[in-house]
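The following block contains the structure, expressed as structure tokens.
As written, the chain order gives the labels A, B, C, D and E, with residue 1 at the start of each chain.
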């Protein structure tokens, strides 16, 4: 049985260096979903959080309404460990890195948008990384169709939702977070779709960096 | 709007099904103990050391349905540097009732009852521990009550003292605990939860109360004494004596458990 | 808790004194320090009292509010205790420094009143299962000079004696709903029966003997003390061993006996005093906080 | 993290500039920085940029029981957050003095001025009212947070629409935006804060101080006013002494600024309304500057997806080809209610002294119910039984018996 | 000597074992620790289970309470899982509110319940819009030696299977609920998810069921949740080193095997209790 694919990425865009105070900042927009990210560091670290051979990374997610809850805490963990794997934090031992993510609007694929905004902000902050990463969300709807970059409405209608972080070097899965149940085949298809879609986003990263430094080079 | 953002929350309000019982039904039947055990008998207890692999010392104690687990960490450097008395160590206690341990579900956030129990536990254990041997350090005692079927303070004291011994903390003596429930002229040693709350809160009789004693068995010294309710002085004195007898009955079990733990840690050399 | 440092020589001096039934301030082992009690000191409470015992100063206010009875005892009201350790008493209490002591003190008070006779809780019931009076007993420590428990319990008894709860009238409207109406007349009120309210007697073991109403110096010489809450009939409503030391069974029974005797003896003069003060009427000269 | 300290040189430079009526960003004394107001796709969401200061406000609503003292009034709740993004000095979850001050001031400006008709928020008197919650997030701190926050909050409140409700007896139906158009709040007036920074004990004055200027100022005067020139709140801080004339002068300046800003907000609201009506594009995605070198945008596009199916199928078939007919080990049940599966830890039961063996036997025979507690590392089993008067034997400890069958080894292929 | 090596160079110590395809505790790379399950030991809970995976010990107690359903979902009850890591279980946890690890675990358990449909929330409804059950699933770790998530899911599932709720009827006349403790019903378990955790060493070597020490030294952790039909309910990999689709597939296959083992264990234990009664 061949599964129908609906591999469309909504229009997306990003602006770097949007805020004056943080050492690196970026906004990332996917369709109507929009996230603002700010990075501080490397800077002085609290003794209680100090790690002797690498930088301590803290990720904070700020919801738009109310206080962060357990769900945000779990997502912070996912994003932090993804960033940690990409960052060469051993180059800044005993220092602190702080990444703050602010939701501006949620219209689906929020976790993916967090990851993309985080990556752009880390690039803007000029932190050394071993690879870049991007986030892709796939929704499987009741007909078994795979939809990339779903909107809130599409997320609601789906029976499973999978978000992956893909690395830029080997296009492997760095992070995975899923909701709903799905078959092994669907999983592998979603991974393959995400890997393909990641090409677009990595190309976008490259283009935006090229554009940014076009006057210098 | 103080809300617990660090836990998953359910509905704002929920009630225990026990509140919806038809009025004539009773859940807590004050048992008469007929045939099962005498009024002055403690429940059979089961004690064992060293189950928490990560802890310096630990103990698990079961008395009837009351189930208590305790682990001990330390001695380690004290966190409170401003403490005036640095010449001797400090005992710290984190006492928790698991949310499912009581008939009514408890909250995760430590309540007054738990704080009170931890203060009482420290007061009872302190005389038994050679704290002067641990200057500038703290010893952490963590107690979790998995099931509360009465006499938790007394059993927590016993359990914690076994755990302390298992952790190799120097002690003058183990500390044993025993609770008694006074109901008019009868007294029930080591009461279950039903006996503990029983008709005391419902009735208006005289001489109602609960006494918990912590004892250092080898010195025959009382290291902790807590009583509430309403009792005559002579009843109280008698109750303390009965509790002390109850404590002595536990001693062989505790001894046995510790002996085992020691044997396991240092097996007798085969010559 | 507020404490003092005592040198070895001082300790020996105090302990020898206690052995001979002569304490540093001239008291015998079973004597209380000078006590000053005044009731009705805070106007916006339903009952209040201020007690000074030596230099320990305690202010207690009682507020009666209408609440919902507890599910398990629908025909009774209840008491809530809160002890505030103000930084006025000692700089140690600044910030959250007094919190631990405050909780400890209020927990003990709950235990002292955890019985059926201290206060007739049924008299606080307005409408079973729906409305009852809740007495909020707020204790404020103004100055600490040892023996807080005893001073607090006396202040609470005095404040409860002073408490006047407005009378309520329950009327039923047409739909069977109940309406509660508070009496406007300040003299139309209910008094509490405080006869059975216990007083706490703390006995400090110093050397081989034990003393009542220990000063901070004496407290520093003792390793263990026994707290007893005693009613005027000599009933014990709460016992607690405090301090890092242990007690032998004989001294426990001796101390209980002393505690009962001292506690019993405390009630009669206290009640007399309270009645006498009340007899002076509303227009008596108030001392308040100036002394 | 600590804030970057301000050097003495910088401090002196800034003060000198103030004396010479110059400002670091080239503004005049009474000039505001550029104000940009953008609305999101959602109702009640707005971002305000005041120079480099950026603030996000979001209004939300919820049906709640009213306060006992005001049974017919809706509830307004303000929550201003200093996000750690805005400045390295802001720590997460800390109630700093600045945070408390700003929150208080925002409440005074917007709640106490009664600019919103709270009675219109009542659904059923004494039972259900709307609670309007305003979350204000400071995203970038470059001074004058108060003015920016008040603009953001009032703009977001004016933009907000709450769902329509219908009441039938005591049942409340809340309509989705698709069913019935949501309705705006009724706003009487728009109070806006204007801040004045004072230097040299009140000798010099600056409108809309930036972060640098705030650091060297002596005192601050905040006036909240609406376009009808009604003062809604006024507050001076920093302990400076001002003359009556100074305060009056400030209020005059404030009235000019407030009418300008009010106009700006109304214009922004109108633009957004028009865009929505005409079905044009609106929201933050549209407000992203396209001409900037730091920004890039890519239009919606399908992704080329050849051989995705093949890749997936290949992976599955390859791993499935591996024989995994390993038998599932069956668990051992040493006592009712207890079971164990797997191998590994050795169990010393039965290897110890005979006494133990007996004890175990003894228990097993007399086990009264199926409820058994096991809490042990199997190598550490110590059981001690006390049975003082042998009335009723204790039931416990089902001893975790070792799995009997030979260990089955499985492998994840590497 | 070995002890010194282990303390000074823990990573090298582990590597030297992994090179030989085994682990310091004698296990093979794909081997789980002995798993012990005990159910119904807590009488005060409506359902309870204690699970040991090696040294890791987790206890789950279920308390059912009554509440009104939400306006949005008038026909659904609530399931409220919370994982607690008290200072008792390891010195790495401090007293006070739950830390990130406990919160992430709570969210994980909640997500598994949601994704796998273990229990249909509709089954918890007693009267539409009026009354429903709230299942508080409180999970407490008593000994933390790695692989918390697997233990939590087994404990949760077994406790749910063990749970019995009293019958509740709504009295038509008084419109009040009445509870009959004599009649107890079991919950309807829809699906049987089990979790299998993996840990990646040096971005390449995958081991199953990591101990606390192995978790600390590894470069990535992953948990796969499958149900009895071999469908995936969760592929939880919170960052860390990246894995290819093939490697993930290997892990999933192992997880499917593990599901069989655990299901059998739970079934047997359930049977043993029933047989007794």
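Going forward, a residue touches a chain if its C-beta (ideal position, glycine included) is under 8 Å from a C-beta of that chain, and two chains touch if they have at least 3 such contacts.
For clarity, every value in this text was computed on a predicted model and none was experimentally measured.
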Practice task
Indicate the lowest number of steps between subunit A and subunit C, counting one step per move to a touching chain.
Solution key: 2
Handout entry: Steps in the shortest chain-to-chain touch route ending at subunit E and beginning at subunit C
Key = 2
Handout entry: Chain separated most widely from subunit D, comparing mean CA positions
Key = C
Practice task
Taking each chain's centre as the mean of its C-alpha atoms, give the chain farthest from subunit E.
Solution key: C
Fill in the blank from the handout: Between A-E and A-B, more C-beta pairs in contact link A-E
Practice task
Round to the nearest whole Å and give the separation of the Cα centres of subunit C and subunit D.
Solution key: 45
Problem - Rounded Å distance, subunit B centre to subunit C centre (Cα mean) - result: 28
Exercise for the section: Mind checking the centre-to-centre distance between subunit B and subunit D? Centres are C-alpha means, answer in whole Å. Expected result: 42
Problem - Of all residues in subunit E, the ones touching two or more other chains - result: 41, 43, 55, 57, 103, 106-107, 110, 142, 245, 249
Handout entry: Residues of subunit C touching at least two other chains
Key = none
Practice task
Check each residue of subunit D and list the ones that touch at least two other chains.
Solution key: 311-312, 315-316, 373, 375, 377
Practice task
Within their complex, state which residues of subunit B touch subunit E.
Solution key: 4, 6-11, 13-18, 20-22, 25, 27, 51-55, 65, 67, 69-71, 73, 94, 96, 98-103, 105, 108-109, 140, 142-144, 146-149
Practice task
State the interface residues of subunit E toward subunit D in the complex, per the touch definition above.
Solution key: 25-41, 43, 50, 52, 54-55, 57, 71, 142, 198, 204-206, 208, 245-246, 249-251, 253-254, 257, 260-262, 264-266, 268-269, 272-273, 275-277
Completion exercise
Listed in rising order, subunit E residues that touch subunit B in their complex are 41-45, 48, 55, 57, 59, 61-68, 70, 78, 80-82, 84, 86-91, 95, 97-98, 103, 106-107, 110, 134, 136, 138, 140, 142-145, 165-166, 168, 176-179, 181, 212
Handout entry: subunit B partner contacts - residues on subunit C that touch it in the complex
Key = 71-73, 103-104, 107, 110-112, 114-118, 224, 226, 231, 234-249, 252-253, 256-257, 260
Problem - Interfacial residue positions of subunit E with respect to subunit A in the complex - result: 100, 103-104, 106-108, 110-111, 114-117, 219-220, 222, 227, 230-245, 248-249, 252
